[in-house]
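To start, the structure under review is shown below, and the notes come after it.
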Amino acid sequence: MSAPSTTTAHAASMPRPLISLDRLHAWFAYDKPFWGKVKTWIKPVNNISLDIIQGECLGLVGESGCGKSTLGRAILRLTPLTSGTIQFQGHPIESLNASALKPFRPKMQMVFQDPKASLNPRMNVLNILKEALVLNREVDPEHHLEESVRLLSLVDLRPEHLFRFPREFSGGQQQRISIARALATNPRFIVFDEATSALDVSVQAQVISLMKTLQHQLSLTYLFISHDLSIMEQVCARVAVMYAGQIVEVQDSTALFNAPRHPYTKALKDAVPIADPLHKKDLGVLKGEVPKLSSPPKGCHFHPRCDFRQDLCQEQEPAPCETDPNSWVKCHFHEQLWKQGALKDH
Amino acid sequence: MADNRTLYTDMARAAAREHRQVRWFELKRLLKRKSAGLALIILCMTFAAALFAPWISPYPEQGRGDVNVEHRLLPPSSDYYLGTDIYGRDMLSRVIFGSRISIFGGICIVISAALIGVPLGLWAGYNEGVSGTLIMRVVELFLSFPSTLIGMAISLILGAGWYTAIIALIIPWWPWYTRLVQGEVVSIKHMLYVEAARMLGYGRLTIIFRHLLPNILTPVIVMILLDLGPAIIAIGLLSFLGLGTQAPMADWGLMVWEGAPNILNEWWIAIVPGTAMFIVVIAFNIFGDALKDALDSST
Amino acid sequence: SAQKNMVYASPYGITTLDPSVSYSTELGYMANIYETLIRVNPPGSSELFSFVLATDFAASDDGMDYTFKLRKGVKFHDGSDFTAQAVKFSIERTQRLGKGAAFIWGDLKEIEIIDDYTVKLILKTPVPLPQIAASAYASYIMSPGVGDNGSDWFNKGMDAGTGPYTLKNYKDGESWMLAKFPDYWGGWDGNHVENILVKYTKAPLTQLQMLQAEQAMLVGRIPLDSYASIKKGKNTTVLYGPSYQNYMAFFNTTRPPLDNVKVRKALAHAIPYKDIINIGFNGNASQARGPVPQGQFGGTTDVIQYPHDLELAKSLLAEAGFKDGGFKLTLTYAAENGQEARFAPLIQSEFKKLGIDVEIKGLAWNTQWAMAKKDPKTAQDIFLLLWWPTYSDPYETLYSLLHDEGDKPVWNLAYYKNPSYDKLIRKAYETVGANPDKALKMYVDAQNMIQKDAPVAWIADVRENWPMNKKLKGVVMNPAYPQVPFFYNMYIE
Amino acid sequence: MDNTRTMTEHPMLQIKNLAVDFNTARGQAHILEGVDFELFPKEILALVGETGSGKSVTAKSILCLLPKSLSQSTGEVWFKKDNLLTLSNGKLQKIRGHQISMVFQNPQSSINPVFTLGEQISRLIRLYLPDQIESVMKLNNCSRKKAIDTIAEERLNEVGLTDVQRLLKSYAGQVSGGMAQRYRIALALLSSPKILIADEATSALDVTVQAHILKLMREICQKKKTAILFITHDLGIAAQICNRVAVMYSGRIVEIAPTEDIFKTPYHPYTQGLLKAVPKLGQKEALAYVPGMIPDLANPPKGCRFHPRCTYTMDVCRRRKPPMTAVGLSHRVACFLYDNHPKPRKVEI
Amino acid sequence: MILFLAKRFTGLILLLVALSTLVFFFTRSLPGDVAALYIGGNAKPEQIERARIELGLDKPLVVQYKRYMERLIFHADMGVSLRTHRPVFQDLLEKIPMSFELVFWALLFATLGGVFIGVISAYHHGTPFDGAVKWFTSAAVSIPIFFLALLLQLIFFNILGWFPLQGRIDSFLEFTHPIAHVTGFSMIDTLITGNFQAFFNVLWHMVLPVAALLVGPLGIIARLTRSSLLEVMQQDFILSARASGISEPVLFFYYGLRNALSPVLTVIGLSVALILMATFYVEMIFNWPGIGFYALAGIMSLDYPAITGIALMVGAIYVVANTLTDILRRVIDPRIK
């Protein structure tokens, strides 16, 4: 087996970003009039700056509809950008057109939220994989069949599955097929968009362990999107918390859940039900409504729902504030809260 | 390696075989519905009649149009099962020969319309930009234009004849396919698998033909089947106005037209082809319906 | 008391109600609303003409001017009196508009009013003016009260005639009424229908049904195959009469193989006249002899006829070098014309026996005609045509159909060229007024000249027929006025 | 403890040997075969299990909501004195919504998109609560419409929805998934039903809103004595709010027990696998999972449907379906391993 | 909504301009000799030449086009019919009401009947009744319209004698109670002039042509309603409403129907065009003096101003009908943006 490991394993000593986003905006026109300006914009990605370090698995959590998928798709240039820059391995790719983007496509892949919908129902697994393999220059077209089998074996599927159609697989298997497809192009970077949220825990565990194995084997970089905090810790070393189109906190995953620095992170954490009947707890309830992405609250987007808000929060948007290397938080009063221990568990 | 490959080929064969079995099962289930089976039998018989017209019609030369003046306007009898027309030709033979143009023409119209309309619909559905809008505007233009008028006008230009009738009908027909396909494409193009293909960096044409086309084929095929009836009727309508098939050939519509003035006395001249047309169209309809149900439930 | 109202289910629509312009199927109504100075009598009458708005006419010796004495006491529908002024006004208006059949007045120099009831028409050449004045088109007299009104005025449903009926309730494309004009000079004593509702009915089948259901007294065209049942019907009957309409097949003389006179003759012999008459016309026609139909002045049995004779046709073809045929011909006919559609296949079927393949094309009349006129080289091989004369002198027919039209053919769709023929018919035309017998001989000679070259096969002279209710009496048919029901003469028993 | 109490009471809902077949392209699919369980007053029963194991189908067949043309249901569903499966439509109507109500899996698609939320809730209020409308009308001296609005507002506030006035005027497409789900829950609670079936009722919510709903459920369960059948993937929820847990695998309940028992001593190999796969905050070692594939329901494995994936497969497993055996006080499991020795056996997977 | 209407309206104008351009050049490419047609009868060459100049046919096509468009846009002048020699616009104004009466009733009954039959058969889904409806609708959409019209005449006039054969009104009434021309709609005209005898007679005459026109659309609408409703009835929200204890009839007629109606409305919009087409044949067979009758005559005689006028009119009707159904769809279905 000739593993297509082209990059020599980098020592994690010098973490350098594989992808870096700078003030990225991706807005959608909500009511496009016949002529004239768009009146309302939906702003699922609103001024995001973030580095994804080579070889890491970055988690992205946040409530449903806050813009996680859009961010993932924006990085892969699957959704039109409004402004900002994206660098991939140092190359700016935010303004490349479709053909200029072609060489980058195989290197960045995505596993979509809904595995069934992301596989063409009229194509069998072989064709699905072949389609991606064509883009992998290192594989001779003659060997596509063997390569497909190899990919399937990577994701724990058997050769006879090659000739089946997506609908003949269970959700978890479909998810694995899309992972196989993502791997077929020999990518450096994969976005997992809630790749496990539709699955039951057993199947979810299956997919996650697969992801981890592959990451080690092929030294891949992941962006792992989910709104389930419990699996974040399993999968990711670093986690970004997203709220209403913005990233409010980035931290080391263990630290994040032990000692959140942003009130929203804390609220999320409190609301997670723990699968242990002996540790029944009062689930934290976040008051207020999910903000509209078209007109997010002024100042800190989270302030209407924050227990610790002060006047400043309503007026001024907090700037990111570095707490550790590669970690930062966007809250005016995070230091104060930290000192008070207001966000600690009781 | 080589062994592996033969192994894979074997596996492919096995999988294909199984797949075919499933298809066969679906077909059987479809035919188990009595009406669909009956419709299919009628259609097969009609096809056979059209194909083997010279051999199965009692008076093939009359079927082709030779007049038989001595036996004009005879009612159905044991010599002429369905009677004779104003030129004394055997109605049965005429109807059998008439099926040729009706059925061939019908198929020709819908297939050509699909061949024109489907790619345009795919393109227009996938590119909602200038080209797509343009196509849809043209489609709307055609749809808003009375199709019978188009048909007639074209027949008038090219001269009446069964082939011009067919051309004249294809022209107002294709926009319906474009419309159907465009709608379907718009509804599936945001599916994740299309996005996945874009993620891989494939261009429009690849996506259109590899990903969109196979997924809209079912409604198109059903529409083709359901359209065959109307197409046969449409040829008949043009012929009815004297703009379609020309003597001595005949399609069913023309025969109804020719027989209509006699309907009070020699009713069989119009009723026989009219009924034939009605039965075949209904058969296409029922079969198309059944196929639709079968295809819908299997995906 | 006798019924005074009747329904006429007519397939003949109205294209214009302007009597100066009218040149189409509205004739049937115009002839009941308007009147001409004189009228041609049906064949077999003792007199050639009968007098309508004129009471007498006389020609000068050289045939260059004609004096008409006019009827007194005639009123127009608008209430004014009919005088010589009206005659001058009408003819000049027609000439001025120059539409429709206005060409018939082409040889008229001027109109002189002698007194209120005498008028003199002066000609440029000695053409037969009475025939022209009796024309079915463009010779109607209308009230000077029309003034400067154009066709629009008429087309709103107005009329200004002297005829027994006036137009009422005109709904184009649906129905209109010919209502009794109370002041008609002929008076309303005796038996006359007084109001005629014309129902414009295109579908022959509907006409038949209306007739059988007694919803119509008179109809225009019904399915031919129903004639037997009409004749047998309790209430219905068919009245036959002569007509000057005939069907012909033009051969394209500019292109092989039809540029060969032998081939043309062979085809003329191969046309199954009898079958055509029996099936195509349900017996309601006879084989034509030449361009001029039998019964019309100029139509005599002296004109050569080509009888149906396949053997002869075969040998002629062989002589021409086409043993067993082996060529293809296209035949066009007017798709609107059910009659042609009916017999065209018979020709096709018969020609097949000679080994000639005929492709039949039914085209809208106007398309067919346009294609024939465009370029003889690419035009059809055989062109079926229905013809009827505008006025009852053969010249119009002979001239229109066969005189050399150069490279812009209009009616000569055989593209036939024969200078001596052209000369002969013109001479006959200028002779006819003064010496009808001599002219007749010349007309016959001219026709035989044509027959020898066989550029056209004369298929059938049609007989006029009126399917109608048995109770309808007094129906007069006059072939000079095709498809005109003279309602004034009709009455219901 | 809770479970001892429940055993003494009469069950609110009793399902016996429920089997459902679907007609599919590949033939009859045996989606459910022999589902047995009961629901007691004031309890919350969690129904967990693999994707496609038939949880939603079970829920729907309780209320006879499966399309009759496509499926056949056999067995018994006893509610009070009636077997719901044999009840006439008219009688079912009186039970559906009034006595047993249900929240569907996909919140947005289970709201009629062409009526405003207000229209839909007021129709149900008129159906369920005519008395209350009257009393509100008397109390507030207001019109009928007003009264209905008042009730609607009150009920929607209960599930944590704010800005109700706007909500009542919007259509399904105009509200977020979370709002839609809470709205559906409010509808289901409108009639104060005896039984609430919640099919993944919180899966579209983010954790914070979910927490609110879970709290609410617990409240009504206690206050109004409503029994809740809570279908979920999230074992965390099961652990936090449910009294008992039923584990479903390929059309059968394979294990049912009080929550604590299930988490502490799972018996069935599948349950054990499932529990191991639950991610926990702070857990470092890799998650375990049940290997193998979901069985094809048109062609299910003979005998115990789990046997192809089970490490303890015995001969008998391939031949016969394991019956439900009691292995403890109100703890039952369908596995031959426990035929003789009702001790949980750690199954290595 | 106003924006939408404005958009549709500009769309209509653009469509009509495009349509008239298309039809103009199209008809001019027809091989007929327009001038000769205009003269009629046995036209003589010099007359034809004169008519050509009168009609402006001697000018280059572009000039003709400019002239045509100017007249069309600024004077609603579509030229003079070559056949009737009257302004096409006037002709159309006269004919439209007559056809409209047929189309209106046909559409009304096809819609009401179709939806009703569709709902009932969906409600009784799978029963013999449903099967019968299925056969009936299959037959309805399969029967060629001209054949149907002939059969109707044969059965209801010739055999049963229940309905009149043809025309708008009995002939004898045209003598005694002629329809006054006020609006052109005979039903309205007879009503406002108090001509009740004619009114009922006209109604009676409409039965067969309307029946011939409505059978096809009725079948289509019934089928579509049925299948669309059946699909809707499987949706979660219906299931959910059923689970809330809503009774079945309410579920079908109130909850389901409104959801199912959107595609049905689209088809009703399209049916307008279909019915208009069908009037070509029906009016001919039933001798109904409407637009179809006029169009057919126009086509057969290559009366291009009339053809253009009809095309424009049918196009406009199509767009208006579709706009109306679109608006209706928006009203009943807020999902459509």
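As written, the chains take the letters A, B, C, D and E, and residue 1 is the first residue of each chain.
In this section, a contact is a pair of C-beta atoms (placed from the backbone, for glycine too) under 8 Å apart; a residue touches a chain by one contact, two chains touch by 3 or more.
Note that the structure is a prediction, hence the values are computed from the model and not measured.
Chains that touch both chain C and chain E are the following: B.
Separation of chain C from chain D in touch steps, taking the shortest path, is 2. Look at where the CA atoms of chain A average out and do the same for chain E: the two points lie 56 Å apart. Put simply, the C-alpha centre of chain D and that of chain E have 54 angstrom between them. Chain B and chain D have centres, each the mean of its CA atoms, that are 50 Å apart. Taking each chain's centre as the average of its CA atoms, chain A and chain D sit 31 Å apart. Contact with two or more other chains is made by residues 209, 335-336, 364, 367, 371 of chain C. Residue positions of chain A touching 2 or more other chains: none. In chain B, 156-157, 241, 260, 263-264 are the positions where the chain touches two or more neighbouring chains simultaneously. For chain B in complex with chain E, the touching residues are 35, 137, 140-141, 143-149, 152-153, 156-157, 229, 233, 236-237, 240-241, 253, 256-257, 260, 263-264, 267, 270, 274, 277-278, 281-282, 284-286, 289. Residues 1, 4-5, 7-8, 11-12, 14-16, 19, 191-193, 195-203, 210-211, 214-215, 299 of chain B are the ones that touch chain A when the two sit in their complex. Of all residues in chain E, only 30-33, 36-37, 39-48, 50-51, 83-86, 91, 94-95, 98, 153, 157-158, 165-168, 170-172, 174-175, 178, 181, 284-287, 289, 293-294, 297, 299-302 touch chain C in the complex they form.
Within the complex formed with chain E, the residues of chain C that make contact are 5, 7, 13-16, 18, 21, 23-24, 98-103, 137, 151-152, 155, 169, 171-175, 177, 195, 197, 199-203, 206, 209-210, 213, 215-216, 335-336, 364-367, 369-371, 373-374, 387, 390, 396, 400, 405, 408, 410-411.
Those residues of chain C lying in contact with chain B across their complex are 204-205, 208-209, 212, 222-226, 229, 275, 278-279, 332, 335-336, 341-342, 344-346, 348-349, 352, 360-364, 367, 371.
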